[in-house]
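Below are two complexes that have subunit A in common, paired first with subunit B and then with subunit C.
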Partner chain A sequence: MQLFLEYLFNGISNGAIYAAIALALVMVFRGTGTINFAQGEMALFTTYIAWGLTTKNVPVILCLLIATAAGFVLGAVTERVLIRPIERKSLLATLIVLLGLFLVLNSLDGILWGNQNYTMPSLFPNAVSSFITLGGARLYWANLGLWIVLAVLVGAMFQLFNHTRLGLHMRATASNRESASLSGIPVGRILMLGWGFSAAIGAVAGVLLTPLAPDSLGVGEMFPILIQASAAALFGGLDSPGGAVIAGLLMGVAEALLSGYVSVIGGQLQEAIAFVAIVVVLLVRPQGLFGSKEVERV
Partner chain B sequence: MTAPDTRSRTSLPLQVDQGSPAHRTLQVLGLAALAGLAILGSRTNSFQVGLLTQALIYATAIAGLNLVTGYTGMLSIGHSAFFGIGAYTTGILVSERNWNPLTTFAVSLVICFVFGLIVGLPALRIRGINLALVTLALAVAFPELVDRFPGLTGGSLGLNVNLFQLLPPHWTGIGIQNRFEYYYWIAAVVLALVLVLCANLTRGRTGLAMRATRDRETAATAVGVNLAWIKVFTFGISAAVTGVAGSVFAMYLGSLSADSSFTLTLSITLITGLVIGGVATVVGPIIGGLAVIYIPHWTESLRQGQTEGLFFGSILIILMFVMPDGLMGLLKRLARRVVQIKPRAPEKPSTAGAFLVDLGATADAELEGKGDTTLALS
Partner chain C sequence: MSLLEIKDLRGGYGPSLVLHGISLHVNEGEIVVVLGANGAGKTTTMRAIAGLIARKGSITLDGQSIIALSPDKVVGAGIVLVPQGRGTFAKLSVEDNLRVGAATRRDRAAVKDDLERWYEVFPRLAARKRQPAGTLSGGEQQMLAIARALMNRPRLLLCDEPSLGLAPIVVREVFSLLTRINTEQKTAMLIVEQNAELALAIASRAYLLEAGTVVSEGTAESLRDSDAVRRAYLGY
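Our next item is the complex of A and B:
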């Protein structure tokens, strides 16, 4: 029971991160119809910014806010400068540009901050002894804090989607850009905001995730998370924010339990499993669990 | 997407009819020039020959990727895996089974074709984005799988082939110290065969169907293109070509390590080469292969580390904006100022056929005629 709970806690933490990044991917997909390959690298870049500030003795909470703002700007500028001019050409061109951005951001991380790994200070008490005991299992404050912050963030996003004027505009833009534009919605600005929000979510996820383990801030940190999050987004349905969050959590928990209990899977086969999951989902139910079917007018 | 403008230039462009003796002469001259360059390349010092061999191998792999991504419009980020499967097929057959390296190429071809079909299957139900995701995950999963089966692949320690099994045969007259020249010629011949295959495949009916699929799926179906067949078949052929490139790579290198050679980075390198050379062109992959080998070689002398990634990433972005048809597109436009090939009028096309021709020609600017020009002049 104690072991199970510890696996579960770990799984929920990973799952919350997958869910956050998957939500970010879905927001971009709904607006622009593309997967943002650079989503993970954007999150990593802003996490590096936060880490750089913590080394200058800036309080962690302030670093988090600055990183989030930087993420927002990075996302919005990417949409305006790189994506909007190219997406008219073709999906292929957009994907290649995003791949280029992935490469640029990742290399910049290495050039600006070096190739070694760093330990990031946590927003929450993060000592060896700062945990509460639940059913015999240790639940660290850093994990609990991550759950709460991401839950609040995701909740706020859903409030935004469903109960505000801006959210209405975003949904209208997602469902039909031309009609939205005709009814007076500033589609361009909405798309920019969508990319900004999604990169900001990534920044929060990165800053909260990195302190959970020592030496985990490195140039390769976010890529595996991007793979898992894409699998989650696909599993939940690429156009369904709720689906992304549920699938992200499920994947995190399933992964932790599987690698905990089934020895064959342990450690380094996780991406291969994500691959199999992606292929199976696409073959059996291409629209995912909660996504809507793609209908094309001829 | 540049609107090709065939008439309104200066008086310079010479008009040459397609299939006329003048056109044929140009083609022969072009091929002779390519062959001359190949011979010139083999005469350089052994270090240069090594680099050129790698460039030829990458060009072959890029030519494979071009079929799927360039002509059919399906972005594959997983070609590093096919390259790796080809390389390991050759590596394992030579080192464990004592096969002649050249005969393993055929096995690679078949195995990679089958893998390509399997990976192409999801493309039937899904499009663009999702296929990109599947191939991305494949690229990431491949090195893990290799590490997972150390008995077969040598795992993370790598697979080493005994040098004596890779030596040139006696009749070539090439000694052990010049063996890289042998690999160079093998890479050159494989590339030449692959380019002929690609040229024939993409100029015929299949090529038109591929481009129609890329440009407008629904319309392509309407004129009778079998989407499922075209997509899966292209994926298979493309994987097979890239797999053979991997086989040559295994022969050239003699030792394989999935963690360093066949990762996502390789896939991105191939895509970069394709974009630099020019998507959906026959000769573009050669330029792309040279670029992705020589550019890092030069940037490394400027500054160590991630400069290469920064450079390639920026190149990918900038080229998509200012030169989406790559260097080959640029060369074609320049060549068109000097010589223009007038395509022959098609003989009595059926209505559906004519429509398909239009469809294929929309974005590709009559590759049928112009492809020959550039082949002849480059």
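Our next item is the complex of A and C:
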């Protein structure tokens, strides 16, 4: 029971991160129609910014806020400068540009901060003894804090989508872009905001995730997470924000339990789970759990 | 001065020109219909006015040039297009569709009143408020598209083939609603239509397009009686 709970807690933490990044991917997909391959690298870049500030003794909470703002700007600028001029040409061109951005940001991380790994201080108490005991299992404050912050963040995003004027305009733009502009919605500005929000979500996820393990801030940190989150987004349905969150959590928990109990998978084959999930979803239910049918063409 | 004044409008898709200098006008509170065969440039004219395609020439609303405005700014200026194919936000509820129509408005209370007003005029929409708009029938979606456009309180309503794909009885219903809205709200309308007889019946003036130019214009009556229109579009 104790072991199960510890696996479960880890799974929920990873799952919350996958869910957050998957939500960010879905937000971009609904507006622009592509998977943002650079989503993980944007999150990593802003996490480096936060880490850089912590080394200058800036309080972690302030670093988180600055990284979130930086993420928002990075996302919005990416849409305005890189995506908008290209996307009229073709979807494929947009994908290539995003792959390019992935490489540029990754190399930039290396140039600016070097290739060694760093340990990121946590927003929450993060000593070996900072845990509460639940059913005999240890639940660390850093994990619990991550759950709460991401739950609040995701809740706020859903509130925005479903109960605000801006959210309505975002949904309208995602549903039918031309019709949205014929209704007087400034579609460009809406897309830019969507990209900004999604990169800001990534920044929060990065800053909360990195302190969970020592030495985890490095240039390769986010790529595996992007793969897992993409699998989650696909699994939940690429155009369904709720689906992305549920699938992200499921993936995190399934991964933790499988690698804990099935010794063949262990720590080595963890990432393979995501690939298996992608293949199975594409074969069995291409629109995902909660997605709509027309997404199949992607 | 006319409400909408178009002079020498040229435009098209990419390098190929579809409109070769169209001039027309719509007066305050008037219904004007644009007739023409497939490929005459009717839809392109509408899309050019709405700002969806590159265009040259002059388009003014109340004497103010709107030729350089983006589609959302054209809406802000008071011209709303009900596009061909209706442009339904399929996954949004009927009510959300209507709210999107009020995107440029800030007067919340009045938006609410308008919602109620259009539910009264279009009772079938009221019965389906919470339903995803994509599940409505073609006729209901056409009514939704018109109601959505009206939520903006436009000065000029552009309707691109409102009868497309609808059963004759529904077409008559749509046209009688358009007439009612024109009488009650004094909303000016520019309607593109293949169903010439029906359109001429509710319009006061009409233009006939052929290959991207205006070949004939006049009162609805005079066009109904003209041999060219009769032969080509009325079939008798």
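Just so it is clear, the second predicted complex is superposed on the first by the 294 of 298 C-alpha atoms of A that agree within 3 Å, B and C clash if a C-alpha of one lies under 4 Å from a C-alpha of the other, contacts with A are read in each partner's own complex, and residues count from 1 in each chain.
Note that contacts are C-beta pairs under 8 Å (C-beta built on N, C-alpha and C of every residue); 3 or more make two chains touch, one makes a residue touch a chain.
This is a predicted model, so every value here is computed, not measured.
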Contacts of A:Ile86 with subunit B and subunit C, given as first, second, both or neither: first
Which superposed partner A:Ile35 touches (first subunit B, second subunit C, both, neither): first
Partner chain(s) touched by A:Ile278 [first = subunit B, second = subunit C, both, neither]: first
Touched partner set for A:Leu238, first subunit B, second subunit C, both or neither: first
Partner chain(s) touched by A:Ala127 [first = subunit B, second = subunit C, both, neither]: neither
Partner chain in contact with A:Ser179 - subunit B first, subunit C second, else both or neither: second
Winner by number of subunit A residues touched, once subunit B and subunit C are compared: B
Partner chain(s) touched by A:Val187 [first = subunit B, second = subunit C, both, neither]: second
Residues on subunit A lying within both footprints (that of subunit B and that of subunit C): none
Touch list for subunit C against partner subunit A, complex: 50, 52, 70-72, 75-76, 80-81, 83, 87-92, 96, 99-101, 103-104, 148-149, 152
Complex contacts: residues of subunit A adjacent to subunit B: 29, 33-35, 37, 82, 85-86, 89-93, 95-97, 99-108, 110-111, 115, 223-224, 227, 230-231, 234, 238, 268-269, 271-272, 274-275, 278-279, 282-283, 286, 296, 298
Contact footprint of subunit C on subunit A as seen in their complex: 168-169, 171-172, 175-176, 178-187, 292
Parts of subunit B lying in touch with subunit A, wherever the complex brings them together: 1, 69, 73, 75, 77, 121-122, 125-126, 128-130, 132-134, 136-138, 140-141, 144-145, 147-148, 218, 222, 268, 271, 275, 305-310, 312-317, 320-321, 324
